[in-house]
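The following pair of complexes shares a single chain, subunit A, combined with subunit B in the former and subunit C in the latter.
After this line comes the complex of A and B, so read on.
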């Protein structure tokens, strides 16, 4: 069984409304029962309500797998980077600290790394991952390229990310503006930039401005 | 290429050492049972294969780093006493009881614990017998007593027709009961668990269970043959048992069974984490929060460089992406996407 080639994962953090549906649904997946693998991050909590879902991007050359001393992380032929194989994982956290997207989770009590495997029990039989099934704003979308092009005429998918001098290509796509000249998401360029331009200014809601 | 040569040399050295130990331990093969020679050669081949793969594995940059650091930190005088206490705790709780597998799931733990102890018991009985390191002899003038000889030296004696004798001579029966029960539990999980079903493979996940089951059942059939069937079909059954055991031994270096030899690396990792937690912490270059030991972060930078990754940052507030914590990496991804909408 493998993930059908015509189906792809598209993420668009800008559309996230922070409803937590993906987190709850993720924990229902049979491959990691009871353990949500998706991250729902507040991008800049003191100043913004913006949230962003982060799933495994399934890198073509997965750093997590390469730095694993136990050779516990395997990529299947369909390009899905599987979670750590339980008999092999020695719980060292190399993958957790090396993943450029910050995805793997270390379960200390289990001496085991767990991460998003794109709900492989579902996607390998043609179903959608749990998170994409429930996401009301379609920040997480699983479908064909034709579908996403029809739904998002102002965006285009890209799967290239820049981390310092390292370019990482992934199986999962991120939606970027169609007017983008450079189709590479430069992650390190955003290192010191607060997300003020895209966010709602929380200071406007300071307690002193209101009479409760 | 150089790695393969090194691994081959190690393989032959360890195999040669075992062969020498068999010759010396059996007193120049005086106590070596020629009927078991097939098992001996299978073990020697498995020893070569396991050592070869282990050596190749240790030469991978991340494994080599952990191997080196694990020993360095374990033997550091300032931490040695604490490390020894930690070692005893890890060996009993994690290795003997399999607590970490218990936490992963009770069904999984039950299966693993039974299979593990069944195999440990069977190995402890069969390997020394096959190598001629242990043998039994009747006491001179008293056919009712057996004496155990270890490396040719006489040790304890016991009555043949006693509960102790029964337990000792049926040691492999008890081991097979443990293994069969464990295999049944494991098979049940593999057939019912949707998550396991999605990723399991025949060679990796089913074959080891089938082999363990085959070894145990054919072994039990031997006991049944000589105990209740007057040796009916014994020759065929012993051949069948030998085939299953030898195939399992030959499979040791290749498949899932290799985790038996990899698992002790968990000990090295625990020393690394323990000492790392006591020493300087790395602080995220973005949020300034501590997120890992500085040793771990700098070691990973070395490993990534050895693997050909270029996470160095030019003209930034930090010189390497590894100085940023995982949570900030996730936030930066969203911010980077948002930036692209600003014309």
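After this line comes the complex of A and C, so read on.
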């Protein structure tokens, strides 16, 4: 049974509170117990508590699969890019190095690349992925387009990402401000951009008579 | 009693904390559970619904519980990993007796013999020093049935005045403030009102880390166009993207609320009709806040004047709103005044008792609400009744089948119990669900007091740090090993279902309490066969009180996914929202929606006073404390769960680069932090997200990592809550050298 096409995955990093519920819950999934496949990292902790949850974006043309010399990474008909097939994976890490989103992780102890497969065991039987079910801020959301439009009027989903000259289209959507003119997220350009309207300047806001 | 039986290292080696990880059936894939039980998380006041999977009487995992309307499947990391607390290597499965010659300092003993010894010691101490010389410390993570039983046990079986509970560290400032202003102590609104509000004001609550699933409610309000105002000394994850951040200097919240009210009055952002019809005391308050102009408010609070004006305008002109606060404004020697200040700006706006117009304290513990309702507080009887009120005493005495005179008078609060031990007035102690050696302030004093006890019996499922001092330990029950009800943050009474049987000699806490009562020759009133029977008596005992459960049944809770109290009759659906126009309550009897004879809410003048221990030349830095997302309270449970410890393994001292630079401290350096009471060493975490004059340390750790050794035991004169959120310290790079 396939993942119902009307259900989609939406990520809204603006909502993320860094609690790691997704990571902790991912490791409870029956197909890969003990191995969470979500990365959650501080963007720049000394200056902000902002965190970014990274799940597999499930690319239309998955770079990881394209560079795999063993043809171990398969994409299902409904667009889910699966974790490496154990009999085929040679542990070369090509996928790890090539994925523009930095998703696959090499489990050296298992000599196997493991990555998020959108909880195929759950989504294929009508459940939501574990991470999106538990996420307390709903930064990770699994539902229909109608639901996301109704619930999130301040932002719109996009699934196109620019990495230099490579444009990647993904199954997973990223929520971006609804005033965004360009619906392609230019990831490499954004890496050098200072945060806009993102962080409060504590020194400017807090008045103190402490003698520094 | 006395000092630890053996070295701390020796105790720790045998009793932990050791780290539980997923192994065996918990790690294997494709294991078919014997059953899956719908229940709730054991940790905070959210009480998220969760399914626990059971195999061979062991909880092996969880499934999200999407049908429970409050959290709809959402869980924080503590909820996700809570199942690892069961079948734990540190689990106490027999009674224990202090024995310095045994490994870990305790030897197993037969349960019956342990009870005999406990009863004999209680009798000995009470005969020698009087009834009140034996005290009880209870907790708000227990079910309401247990908290009810604890109150009854102390008053009728021990006949002691001295019972108090760990809500003294948690909910009492909010409770006292709510009673002064509204006449009743419950979140005024269900959480479903949050997304309907156009301004959300959050004061002193690290929502995203302490009540993670509330975040979605707040973000949903923002999606609907709400402005979010956060008041906190730190840019917490909920503050990061809020619309207005007010970095209040710890201990100055009341000045901010007074300053906001000043601007509301100056700009006539008031609901005159509501103030006139539904409140008393506004004139005196208006007179008082006239001194709190924006300049003075800014000077005292350390918040830029412009931000204060903006907050007042948004709050003042909103058509709907929800104000919530938590321990950040409550853990102060003027915690009740802070709460009253918050309520004052709610009442002046008239935005309460309606859909999308709300106010709530965010209760901390699992049964933080229910645990403060039915008589385990030193001054309280069931149903939110007052132990000093003759009518209330008479009613409860009748339910209990005793004379009113037989119910002891009010006892002293939890911290004062330790002072009484120190003074030699209290000699014996029974504790359950409380780890004061880690959770009370100035905890070196708590250790010294524990060492003076003549006899101490602890009931627990793990040997927590306080129980290290026990003479006898009785093996109690985990959350999933018993059943009952709790009232979660909204005042929604929900069912905790039994998932597994207690292991070995461990047993349900209520049976242990009854067993002790029987050995004290007190059988009458302590022969409940199950929690359901206790609940039936609780219903009767609460009838007619402010916290009226008389119309709540286990069946109704199941059917409705919880029942909001008050629920005065079986055909009553419960009270989703408090203070609605035209609502009835047993105090006002129809005169108005608030719980006073005239039905009107009270404005209270809330004068500003600085913290008890302000900074000075010797101790120039403000210390504030709080929580991290992967740990809960004294860490007795979460410090035993491997994945939660991996997430945050040790306390760090959070400080601003400007302060770090002054002391030559870099990120990761070992730092000594010292107050007038004690000092500890811990690594520095240098971040711009905290006020430069303030340092923050989370309080979940014990021993050399325990920040509560430094905090001050100053208490609010009304609520008796300790001042965890502000004291004075000095810091220096490196380890302390003895002077």
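In this section, the second predicted complex is superposed on the first by the 194 of 212 C-alpha atoms of A that agree within 3 Å, B and C clash if a C-alpha of one lies under 4 Å from a C-alpha of the other, contacts with A are read in each partner's own complex, and residues count from 1 in each chain.
Following the convention adopted for this analysis, a contact is a pair of C-beta atoms (placed from the backbone, for glycine too) under 8 Å apart; a residue touches a chain by one contact, two chains touch by 3 or more.
Predicted model, so just to flag it, every value in this text is computed and none were measured.
Colleague: Contact-wise, after the overlay, does A:24 reach subunit B, subunit C, both or neither (first, second, both, neither)?
Modeller: second
Colleague: Given the touch rule stated above, what does A:48 touch, subunit B (first), subunit C (second), both, or neither?
Modeller: After superposition on chain A, A:48 lies in contact with subunit C alone.
Colleague: Identify the partner contact of A:133: answer first if only subunit B is touched, second if only subunit C is, both if each is, neither if none is.
Modeller: Only subunit C is touched by A:133; subunit B is not.
Colleague: According to the stated criteria, A:15 is in contact with first (subunit B), second (subunit C), both, or neither; which is it?
Modeller: In the superposition, A:15 contacts subunit C only.
Colleague: Does subunit A have more residues touched by subunit B or by subunit C?
Modeller: Of subunit B and subunit C, the partner in contact with more residues of subunit A is B.
Colleague: In the overlaid three-chain picture, which partner chain does A:69 touch, first (subunit B) or second (subunit C), both, or neither?
Modeller: In the superposition, A:69 contacts subunit B only.
Colleague: Is A:151 touching the first partner subunit B, the second partner subunit C, both, or neither of them?
Modeller: second
Colleague: Is A:90 in contact with subunit B, with subunit C, with both, or with neither (first, second, both, neither)?
Modeller: first
Colleague: I'd like to know which partner A:100 touches here: subunit B for first, subunit C for second, both or neither.
Modeller: A:100: touches subunit B, not subunit C.
Colleague: Is A:174 contacted by the first partner subunit B, the second partner subunit C, both or neither?
Modeller: In the superposition, A:174 contacts subunit B only.
Colleague: Of all the subunit A residues, which ones make contact with subunit B and with subunit C?
Modeller: Common to the two interfaces on subunit A: residues 14, 16, 30-31, 33, 50, 198.
Colleague: For subunit C, which residues count as touching subunit A in their complex?
Modeller: 22, 26-30, 61-62, 64, 66, 73-77, 79-81, 208-209, 212-213, 215-216, 219-220, 222-224, 235-241, 245-247, 249, 298-299, 302-304, 307, 615, 620-621, 629-630, 643, 647, 656-659, 661-662, 667, 686-693
Colleague: Where on subunit A is subunit C touching in the complex?
Modeller: The touching residues are 14-21, 23-25, 27-28, 30-31, 33-34, 45-51, 128, 130, 133-138, 151-154, 198-200, 202-208, 210-212.
Colleague: Can you list the subunit B residues touching subunit A in their complex?
Modeller: Subunit B residues touching subunit A: 57, 60, 62-63, 65-66, 94, 100, 103-104, 108, 193-195, 197-199, 256, 259, 262-263, 265-266, 269, 272-273, 285-286, 291-292, 296-297, 300, 303-304, 307, 309-314, 316-318, 320-322, 324-343.
Colleague: Residues of subunit A touching subunit B in their complex?
Modeller: Subunit A residues touching subunit B: 1, 12-14, 16, 29-33, 39, 41-44, 50, 52, 54, 63, 66-71, 76, 82, 86-88, 90-94, 96-103, 109-112, 117, 120-121, 124, 161, 163-166, 174-177, 179-180, 185-195, 197-198.
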